[in-house]
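Please read through the structure below; I'll follow up with questions.
Chain nomenclature is as follows: A, B, C, D and E, assigned in order of appearance, with residue numbering initiated at 1 for each chain independently.
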Amino acid sequence: MYNLELQNNLITTSVYGSAIALILIGLYAVLVKKNLIKIVIGLSIIDAGIHLLFVAIGYIKGFTAPIFSPGSENLANKMVDPVPQALVLTAIVIGFATTAVALSLVIRLYKHHNTARIDQIKSLKW
Amino acid sequence: MTITENNIKQPIGEYIQNWARKHSLFVLAYGTGCGAIEIPPTMTSRYDAERFGIRGAATPRQADVLLITGYLATKSLKRVIRVYEQMQDPKYVIAFGSCTINGGMYYDSYNTINALDRYIPVDVYINGCMPRPEAVISGFVELQKQIASGNAYNATKYKENLEWYRENQKKIIKNWRMPDYNW
Amino acid sequence: MVISPVHYIAVPLLAAFLIPLLSKFIHKELARIVPGIVFLYSIFISITLMLQIGDKGIISEVIAGWQAPWGINLVFSPFSGFLASLMSIIGFLIWLYSYNFKKIDKEQSQKYHILQMMMVTGAIGIVLTGDIFNLFVFMEITAITAYSLTSFYRERDGAEAGFKYLLIGSFASVLILLAIMILYTQLGTLNMAEIAQKSHLIPTSLKTTIIVLFLVGFGIEAEMFPLNGWAPDAYSQSPGPIGAAFAGIVVKAGVYALVRVIFTLFDIHGAYDFLIYGGLITMIIAETSALAQTNLKRMLAYSSIGQMGFVLMAFGIGTHQAIVGALFLMFNHAIIKSLLFMSGSYLTYNSLTKQISALSGLGKKLPLVSILFGIGAFAIVGLPPFSGFWSKLYVLSAAADKNMLLLIMTILAVSIVEIIYYFRVVSTLYYGKQNPEIEIQKPSINAMVSMIALGITILVVGVYPDVITNLLENAATALTDKATYIQSVLTQNLPIN
Amino acid sequence: MEDLAIKILGAVLTTIMAFTVGMFYGGFVRKLTARVQNRRGPVVYQNFIDLLKLQSKTTNIAHGFMHHMAPIWMIIASLTTLMFLPILNGNLWFPNISFHGDLIFLLYMMVFGSLGMALGAGQTGNPNSAIGVTRGLSQMVGFEIPFVMSLIALMIQYKTTSIQDIMIAQNESGIWNMFSNPFAFLAALFAMFGMFRYSPFDIVGAPAELASGPVSEFGGKYLGTMMTANSIFSFFKLTLYVNLFMAGAGNINDVGIVATLIAIVILLIKTFALYMVPVFYGWVSPRYRTEQAIRYFWAWPSALGLIGIVWALI
Amino acid sequence: MNSFFLILLILLAGAAISFALGKISSIISGTVAFLSIASASVLFFTQLKNNTYIEFPLGEIQLQWGIDSFGYIFALIVLGLGSLASLYSISYMQNKERTGIFYFNFVLVITSMVGIIFSQDFISFFIFWEIMTWSSYLLIIFNKKDVKEIGVKYMIFSAIGAYSMLTAIVMIKGNYNTFLISDAIQAGAFNFTNNEYIPILLLIGFAVKAATMPLHVWAPKAYSNSPMSFTVIFSGAMSKMGVLGMALVLVRIFTFNANNEAILPNFSPIILQQTLAWLGAITAVIATLYALMQDDAKKLLAYSSIAQLGYITVGLAIGTKLSVMAALFLAIVHGIFKGALFMVAGAVERQAGTTDMTKVSGLIRKMPFTFFTALIAIIALAGIPPLGGFVGKWMLYESLITESNSYFLVILVFFSSTSAFLYCYRFLFGLFLGQEEEATKDVKEAPITMIIPMLILSVLLMVTGAYPGILFDPIAKGMETIGFNNVTWDMSVLGNIWGNSVNMIYVWLTIVIVFIAAFIFLTLKGLKGTRYVSTKDISTSGEIPLEHENLTFQINFFQPFRRAAAPMYKRSMDKIWNEIGSGLESLFNFTRKIYTGNGQTYAIFVIAFLVLMLLLKDTLFLN
């Protein structure tokens, strides 16, 4: 079980803070910016923020990477949980795929509509 | 069984029928000319034709007497013939005023019939221009006498001499377009 | 070879990898045929496994030998098995239908078939997996393939719909990921059975936060109002059979996830009311929006959203019978909406525009398709003797058991709206003026077969619902019986052989 | 057997009486109208002469089967209603076939004749006839409302739908209904104006506009038969009113010839008195338009009828 | 094999076969339909014994079918009229397209009605009810005229009815845990003291089919627009299914405590009873007023059907022995005469091409048998003695006056009934009387297969007039089944509880004797002098109508009446419903604007919803 109490470490706090800031920045981009590319970038930023947050939560101060290598067997209880990192890796891949699809769609939208403003692309409505 | 009255012999059934016909004359007043104005005083309180059983009828189906009141324009003739033929036997025609007899003051008019009985058979003529209601009533009384004696058979004459009448009628009426006499 | 639930996922993945190679080196046609074989195999697995669990209860299969709490496992319970079988069958029928579908063949049809296969695989994965992160991954597989399929036609609006879907879908993935993260920090496990076992340990406020995140995240996939802005566009712009797949497969997976979270993971009763009201509002908004649609596929899309609202609401009632009813609704919705989308897309295809008014008089030119569409329309509004009636009856009588008179009346009032727009289409089909200029593209035999199969299913289930109710009873029991689920996953986890 | 013979005899007697009285009433009306207009007028038996003349017409025109049937329907309606109406209160000689005169049956049977005539008139193809018929039917809808209201008031009052019972009850209490429930009587009286179609409600025949309306194609024997039916029918209507509101005539215990004759005389007096009301009203009123007539009936007479019902309920 | 299944199977097979044969020949298809319905009728009336029941399960639901004396009444209408109508439609549908679909749905409607009569449990009742609804929907839009308006309207109102019925059914299941009608009755599901909404919802459901105001607006166009051979069933038999249901429910509401008299358990049923009765009467009045303004004979008949159903509703709502008997009698007789009238309209439509009374007139010489049927049926419809219609009306009035205190109701009903003479005359005059049209010069009498059913129905009307007892017999038995005691009747004597009676035999005797005497007199007298002339030979002030001129008075027929009754025409239920409909539609159009089409807006929705949920999470999930 992990404690969620915030460690007094300034660095850790700043990591959490920047993660949340990233999420909010991304959200701002997605919700307010009109340009499709900017929206896609915003989505990526949100993803990045989430990933950062997850990794940060998984990290315990002073623990090492969860890699078993010769000579590190005795460090087994001093390792951080590998699962969040594994998850984040997967999520990054997924985010990559999503971004790729998104960008291809943006290209096609631009071709069809001659604009990249999301508020002008609403031929499907109601 | 016959019954004799005024030197005329009739079977009793016919006598009764004629009596009823005589006392119940439904008049279809064909108000073609100025004579029509004489009909209201004839029917209303001063002269009161109803006491003779004379009564207005609205349609030829119910009428016994066709009253031609005054001059008859050629245009009206067609209607008069039509009405006359629609009436049911026994039926009588009273022609009213000089115009029906010889054209009267319209004798040389291009569109007035001069002698009515060339076109339909007339039972009683009432002369005068116009005849007073007394004269009209006397005409009716004359008709009643004819009916009672069984002499009012002009309708039968019309049927018998239909061709002659038609010939005369068609001389006047150019666009005939009427069903032929069908009874 | 031993049949195990892993084959559901492994075989299509392998096939997806092999298809480009095969088609390049052996024969081009293979790219289109192989997915069908894969689906057939899935159906075969489904049948075998469904027969197996008849006596064994729940099959929990671990991947790569790791024991349950630690490794990723697949759970084939009567509930998930029912959905997986349904999805494979619908997937197969959709493949059969879209095989040499003219308009798809104009584009790159092999991509289409791979994507479609992967989408179904993802959905089946969602249903089968016992690991919450794995569920997320499968959901992303489904979603990404769905984005691509939505914008498959290189027409003007496909990309737009795809982008909207992607935008909202990304939110879903973010929220679900966030929820999984918080969950993991609290419990240190990702196994759903274990989470279910330990969920009472989470502090209440965090627990509700997690639930909210999950609900909103999966709610997006399950088309809950107001999270369903993407849905009408995606349905209407995707190829016809994909619309059917959305309605029959993708959304079902979303609903599955939502229901799993509420019923198994947290078993929180407050969420029942949320489901009822959320479902009800979804239903009202969607059905009333469908009323004024002039575009057939968009109308079907709204109707689909409304039906999903109905399903959610039925789950929200929460009694056994209601869940049976909800599952019945899901089943019906899958087959009926698939039929409607399939026949509807032939109708629109032949009318040059997707407008309803352009369909007039097609009933004479495409008699069988029109009749099938008519059967679908009659069934979905719940007219006996078609299958839609029974699901409605189940849900309504479950609601009546709880004495929810107003709810029943609202549902039925909304159903009247549904009747109006469906019957408008049917009457246009049969009794509109005919447009003589249209050249008719007759559906191919395989498409006819798949549609007729669906139509016959509707009729058979409608006349004799017993064929399906047993399955549904078991599934409903499996869903609500949390203890058995936990027990069978956590203890019966010996790897088979 | 004897019973049957008496019934048949009674039926014949009733018919003859109704016919004669009806015809004479018509003659009286003509005579009186003439006197009011300061004329001598025809003889009182003028109607008989007219009838005789009409029947002795040698040619008759029919426009088809329904035209031929119309007078028959009217005769059926007149005679059937008459047969089911107690003429004299329980008198042996006028038993008819009445089952004490059921009001609702009579209400509906009364329409039979109108419908028959309307059909006959319709077949003639004469537009005037059809217009007359629509007027007549519309007017009927008008006057039936107050009429039915007053009938309902009576039925409530006496808890019976039998005319005979109503008569007996009046005789026993000694108070005529026209006094015990004046509102209902007034409503019925107004309805009667419409029923007899004297001015101001002579919109059906309306000689100046419609050429005698429905009957405009009927002549000869048809018109004659219609006249007969109408006479019988007006006698029926009068008797119905007298029975309902003026205690009818005769007494259940009087079976002797003299008593019967007295009863008949009483009946004649009552009916004649009642008959004069619409006739008097007609002398002083010009003709209404159809919609005016309908509104007339739906306004005050109906209100009176309602008050009558409330009165009876109280 | 069980006769219940056998009958339904025969009918279904008939439907299927006639559907398959529709492409080949409409006559064969129609013959198959007729044979299946006729043989099902024969089976029904010979094989099925009263009060036989079968039970069988469908899943967890126990279904029960059976036939009791009450259902028997309606089986008489459905199967009798069904056979005749299918015989009639062989010729009627002869030259039409898509006859396969027509006969399929036609037989299916009959099947579902038979099913409804069989059903002793709500589930099969509802299933058959819905089958009836949609198969009739397909027939209504069969003529492809105003499909959207008519069909959708019909479907909406049917759905309102069916769904309120379904609500009641599931609520019964929820509260009493049964789907069986008899169990529900025993548990007191229809009883007002237990709950008000179940009987009311059921009544709404049935009232739609019985076209009671304000749920009647679908009826006029639906009746007039479907093929006439179906409207015979539609108006004659299908509307009676609503009557069946209403009778079942109402009798249970009112006679819960007492068997013979309507002793009312508490106050609210009285209100319901009065409301329903008034609604019925107002329906009758309004429908009559609209009927007499119609220029299309079919529409006229449609409105008149609604009016007649209004009387039936009144009778049922009053709920006394005589009134229920009157209502059921009227139901059967209405089936007969309205069936005959719609057949007449169909024959005219087939022979003359239209039933617009401004375009057709003077058909009496061309179609004498049709006219005869029309005449007889109209006399019955108007309630003029001595036909069956009068018997029903008489009982209704007597019951209203003598047994209930609904004196003001009786005025309404009477007003409607009197105004009915207007449209009755209009129907006969418009189609058959007056001068002959040039356009319909070559019209011939309808073929024999159409004439025979019409004549059979006319004869039935006369028989029911002279011997209403033959109908009283099944009705009385049926009424005893649903809870009345000692329902007495006589072969031809009608009696009320105040002791007054009408003997129909005497009425017939008088009329026949007078008729014969008058007919002989009038025909033989002056036989030689009597001439039959054409309708052109009329006295129009000597004017001669030309051949192509038609002087028949047809347009604005009841103008004076309309002027007099103008205030009553001001508002129409149709308009009100349309306003409600368009109001709702614009509301829906407004709400769907939520889907703006802008992806960003949807994203904002998601976030807003998330925030909202996060704010409300504790109140939502922790209760």
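The working rule: a residue touches a chain if its C-beta (ideal position, glycine included) is under 8 Å from a C-beta of that chain, and two chains touch if they have at least 3 such contacts.
Everything quoted here is computed from the prediction, not taken from an experiment.
Contact with subunit A and subunit E alike is made by C.
Of the two chain pairs examined here, B-E and B-D, the one linked by more C-beta pairs in contact is B-D. Among the chains present, the centre nearest to the common Cα mean is that of E.
Relative to the C-alpha centre of subunit C, the farthest chain centre belongs to B. Relative to the C-alpha centre of subunit E, the farthest chain centre belongs to A.
The centroid of the Cα atoms in subunit A and the matching centroid in subunit B are 117 Å apart. Computed centre separation for the pair subunit C/subunit D is 79 angstrom, with centres defined by C-alpha atoms. Subunit C and subunit E have Cα centroids separated by 44 Å. Put simply, the C-alpha centre of subunit A and that of subunit C have 29 angstrom between them.
Listed for subunit E are residues 529, 531, 533-534, 536-537, 539, 541, 592, 595, 597, 599-600, 603, 607, each touching two or more other chains.
Touching of two or more other chains is recorded for residues 30, 39, 121-124, 126 of subunit A. Among the residues of subunit C, those in touch with two or more other chains are 163-164, 167, 232-233, 289, 292. Listed by chain label, the pairs that touch are A-C, A-E, B-D, B-E, C-E, D-E. Every residue of subunit E that touches subunit C in the complex is listed here, in rising order: 58-60, 123, 126-128, 130-131, 133-134, 137, 141, 144, 147-148, 151-152, 155-156, 159-160, 163-164, 166-167, 170-171, 173-175, 197, 585, 587-589, 591-592, 594-595, 597, 599-603, 605-610, 613-614, 617-618, 620-623. Every residue of subunit C that touches subunit E in the complex is listed here, in rising order: 163-164, 167-168, 171, 175, 204-205, 208-209, 211-213, 215-216, 220, 226-227, 229-230, 232-233, 268, 270-271, 273-274, 285, 288-289, 291-292, 378, 383-385, 389, 393, 396-397, 399-403, 405, 408-409, 412-413, 415-417, 419-420, 423-424, 427-428, 430-432, 464-466, 469.
Within the complex formed with subunit C, the residues of subunit A that make contact are 1-2, 4, 30, 36, 39, 43, 46-47, 50, 53-54, 57, 81, 83-84, 87, 90-91, 94, 97-98, 101-102, 105-106, 108-109, 112-113, 121-124, 126. Those residues of subunit D that touch subunit B in the complex are listed here as 30, 34, 37-43, 46, 49-50, 52-54, 56-61, 207, 210-212, 215-220, 223. In the complex of the two chains, the subunit B residues touching subunit D come out as 16-17, 20-21, 23-24, 44-45, 48, 50-51, 53, 55-59, 61-64, 86, 88-90, 183.
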